[in-house]
């Protein structure tokens, strides 16, 4: 940007962004992105750059990552078999070891390295650190007339120790959170990253929970990419979920979103990480690119409703 | 900005600005603008909007204003005569009363009102508050073989109490400073606003002192508006000043600039308040619009030297 | 004071004052004085000296000033006409400019200068600074069968940001408050100084609100200066006001007093600034010189009731 | 004080005292009084009342007491013999037990009780608490051609832990210090209270060390009560001491005074506790009643020199 | 401990103690020991050493001492008569003086000296300091048809100022508390040390109140030392007390214990100071040596119930 | 431990440990253990338990781990080739990925999980987090007459950001540090864990740096396990190293030790992790089990010299 025209644009854009910065300064944003984002260095950098700008302008950002594809890849490279019961994956101790290496080692480290490059002061933390996430192993699932199924080292969250995150934010650091957790005796447990993000968002009274997904948002009709829902309230999302209208991957997300909103998170955004700069666009312009979920649709500002037009 | 193209521009501009925000976050910028800026509501708003954006993105901004034209105007409306000795104005007690009303009352209040409108949390303060500026009346100037000339209630600064400003900045407030000062017995004193700005900049170890003037910057040849100097060091500025190459209004400014740099201020920018968005352009783009004064020209970054090209 | 007898008196007086100092140390006192006090340098100094002693011994003092006479005088000097509708003054934009210059410039500055002379660390602040006073323009007053009357830029208080004052007090500074205020879009608004003092007193849970007036206190009979009421409760004050027994200038004061007490201020004192040392006498001796207003007269201590004897 | 005249006197005295309060607010004053003051409840109250007023107006006061007469009295009541070697008392373990009971128990407790009555928030502390005073037993004194004399459990100060006192002062508490001390193995040691006061004054950078004694001050001629020295510097005091002009009881005091001044205490006052209100008179009027000792007499203010006239 | 076996024991014991340290770190323990413990230097050291270890490992310890035997002894040495009315001792002013010297002087000082020797940073404080204990003189006890009996300067506690203790604990200091108290006019008052300990324990929300007594604990049958009660709840203790099963000395202790538990203290331990290391054994092993009193016996952990086996 | 004898032992051991706890409370200990310790869960727990006890008693512990064997194992499981140049391993980007997964993922996570089990509040951190370690890639090593050898992504430390560790310690957390680092552009770099431990120890002014190794300590003669050196100063260690007397694995350790001591670390201990409880024995008994390295052997206490006997 060097021409006189370009320079005027920078200034004009700054003025445009100023009211948003004022509005969100000091507020907590939880941003969650799945492992597929971090499988690609360019996508990693694109996401970290956006998140870094939010941090830069004074938003208290917590970034949470997944690591599914990488876990599958490493397990395969190590020749580990994946056990399935009733079509669902069982997390055995080898899988856990893989998850620890991928989540806490590979992906978290890469995100921190990208932050270093962009001069974002970030620290890694997982549910295993101090008491960040207190969880317990999910008990075997009972089935009528059949043996209960034990899906292995899968956890359910008992509590989140928000204070550890608050201290990092107060110190001007951006926490990068791996969802790997454990119980009080130190047994590692796998927990869905969307679930972790929703629990942390609730505990920190987040202004926004932003889920960056492969889909453009929530679709009314799984088959029709054009059926993107611009905004929806919790009740209708639940209805949609129970009516079976949501795609497979969206099902646990929908449950997490509903939980976050039920626990006080003001706004949940589902956006596509494939859409360039989707996070910045969602935050710094009136028209977002994905789906906005709120508790009560009547509480939306006219500008937010404009997102749908 | 609502078109897809416009939205992309906002995001692109934010990315462009991010490294500057990172660079300047938490640094102190002293911005001084003369009374002529505040004679016009549109110019006042334009300046306050720019300054507010700096405050918004985390720069510690102190805004200092003058009030010359308004004082002249009020004195005239009140039918006060201005006394001149040897061609220089004498500040009598009526003039001081006018200065207090204009500086601490009219202009400072208007700036604070504009800040309120833009949701910038600002507080007014003058050199009379607590011990912000400790000054003494300038003694009469001796002249060979003639009676000494007493220019009246004109002050020289003894010290600046930076702590009062630091506490306001620490509390997230933007100080708006009127240069009116007094001595320890409470006698009001007139002090040049550029001098006050330079003294405060030195005491706060400011990263930048920005003087918004009616001229485009410092000119090599007073007569030639095209002879704008892009950057200059302290020694050369002094030489220019002593060679009589500076316009009248620039003379006290040059002395203040030299003092600021001698006392540790890194960079002093002289820019035109008439050039739209000149402050933002100066800070958020490589090519500024005015003159950059530094202690040692060799310490300029290549980008800063680019400002001259 | 140099004779042995005089020295003994100093010590005896200090002992006398000690229990009062212990009683009031760290408590908030709001002291309001009208513009007429500050029209006279001797009166200004006498008031500031008394207020400074309160500050010195550890009372958290906030001084609030008016500026009516000075505004009238400046308007007249500037040849401005004052518009009246139904006998009440209309505040047009010229009047506002005058009010800003007089209140925030002339009077506030003079008080700060007097404080500097007495080594009282004071800072000026008005309702326009940060969010000290959030107000809105009073809507036009409806009249039966006639056009509504718009009294111009007159404000009603929505809220007071006590934290800004508390921080100054915590830093050992004495706030000197100008009642000039504005709405959230930065439009300046005129608000009665007694009303501002009462609102600040309530917000800071003041121990005492002291109104220094031209009258000796509240009179039972407007015509009879000897009918000074020594103490009265809120209910009786209201009755008096509604019975039309109060002089014109006392009417808005009475409403402000009632509001302050209704909002938790313990004691409101109405005293004369003409009576020498009336503030110190009111605080450091059992017998005050004016009127004490409380919520419930039965809660008065015997010493306070003694004030009436 | 109830007459109009009396009330005017209170106010006039407050104004007189205000500059002194401003001058001394936040400064440290060490006040030491011998056991004979506390042998009499009326004298105890008179001293505590004066000290409490200093505390009240914001001076950081530390009160240090002795206990000689009471120790002698208790030893006698318990039928203990006092051993003398070469005419000097030997502190054996019984004497130490008596000192502990008298200093830390009887006198310190009585002073605290008097403080409670006057609502002065005071805490007792002795050289034995935490590390307030670190001392060692004075080694036996060598004598030419004779056996060394061991004066028993008498201590010399190694260091004072000023932080313990500072924290109490910061918390708004007035420390009441007993001079009883001990070595690092917990052996109790007797130390002269003047010596303790001087050491604490030096460590706290006291503005003033005030020694309340039975004499009117330091006398030029022991025999002549009229030979009171109004002010003197350290060098001359030392000369006086070495010339044998000082009374017995004044000898250790003089050494302590010289040490305090050598270690940075600005002013040491020797006054009589018998003179009514001598502490307040010394502090709040220009003409003290006793002797002022300074490092350099030329640094005295004219007012202080007036004390001698 | 120098052999290889001894060294292994140290390490093994540290591991054993670690979970207890973790459990109790930062918790408040109130430990009270009667005057008879401090009559013997060896016992004093043994107790202080144990208490010091608790302090060392991070428990917030407050030590409270009595002083009965020493008071009796000093009164006797001074030839004071003790007056009895109805078989109960009357505290006259001589007795109070003795109590002050013994409690605040002799015993408190000795404990602090022992702490110095063991490098435990301790500070002495009594109910007379600042507002630690606010008490009033117990009114004469009415008796049917007879003159009321005035037991003299005996106090009942109105309130405890826990903040003074908390600040000392926050500063890493161990408070050593003498139970001597006073009323608001500074009149000294005698209060039972167990009562003071219970009141302080309640005010500090103590985890444990430990009473070190001459008995092995609470006995079911006064005559039978083998009838030690291992644990008991408040209701049963009260029943025991009302049934007259408790020994004389245990009666006031039982009332204090009941009060402490009623006011929220979790556990009260009654142990013997004669049993070597009884405090450490009680805290760092599952099997205590005395009696544990709780509010509800069902809330005991299995380990604690094991204490009885 | 349930017998009476056992209980006495616990108490006796606590008393033995108390002076050491007092001595080391609040001091910084850096403990480094190689990857081989963490290859075995029992050894991991044994080490974490010891380290946890240090943390429990108030020592500020930082635990640093290596991960060599695990990296080799994972590289092998993934079928990665290790490149050697001149007999030294080259760290290529695959190796780095493996190092990230092993160090930051597998080992760090397992240690944190073990801490959770033992209720030690620990947080993981690596040189990549925020600015903990600022390093640069080591430039290719020049060789006479041959091509320079590039050992790949191996780093040299520029600086350590001790503040990040201090904040965690201040918050009561135990940092568990992975040595993986990166340069300012986010390129991961391998750095020897001993080197990292020494740099952190120097930056935190550690009281002790403890290296837990497979050897019993430093041997005078590589071949003779009986030639253990009990204590040695820096000069002699350097001589030994330069004389080639040190085993291969000990060479980089020796350089790190010398650097730590040169930079102010008081004592470096080299002990065997195979010796049960070697850390606790080294700290809580006079006779350590390995080698103590100091700057000046004459500064050793007699007890420390006893370690050699």
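So that you can tell them apart, the chains are marked A, B, C, D, E and F in the order they are listed, and the count of residues begins at 1 in each.
Going forward, contacts are C-beta pairs under 8 Å (C-beta built on N, C-alpha and C of every residue); 3 or more make two chains touch, one makes a residue touch a chain.
Just so it is clear, the structure is predicted and the values come from calculations on it, not from any experiment.
The contact pattern of B-C recurs in D-E, the pair among D-E, C-D or E-F where over half of the contact pairs coincide by residue number.
Averaging Cα atoms per chain gives one point for each, and the point farthest from that of subunit B is the centre of E.
Residue numbering shows that subunit C and subunit D use the same positions for more than half of their mutual interface. Inter-chain centre distance (subunit A to subunit F, centres taken as mean C-alpha positions): 36 Å. Per-chain CA centroids place subunit A at a distance of 46 Å from subunit B. Per-chain Cα centroids separate subunit B from subunit E by 69 Å.
Between the CA-based centres of subunit D and subunit F the separation comes to 56 Å, rounded to the whole angstrom.
Chain contact topology: the protein chains form a single closed ring, every chain touching exactly two others.
With the ring opened at subunit A and read toward subunit F, the chains come in the order A, F, E, D, C, B. The touching residues of subunit A, when paired with subunit B in their complex, are 1-2, 7-18, 21-22, 25, 49, 52-53, 56-58, 119, 277, 280-281, 284-287.
On the side of subunit C, the complex with subunit B involves touching residues 74, 77-78, 97, 100-106, 108-110, 112-117, 121-126, 128-131, 164, 167, 171, 173, 180, 182, 184-188.
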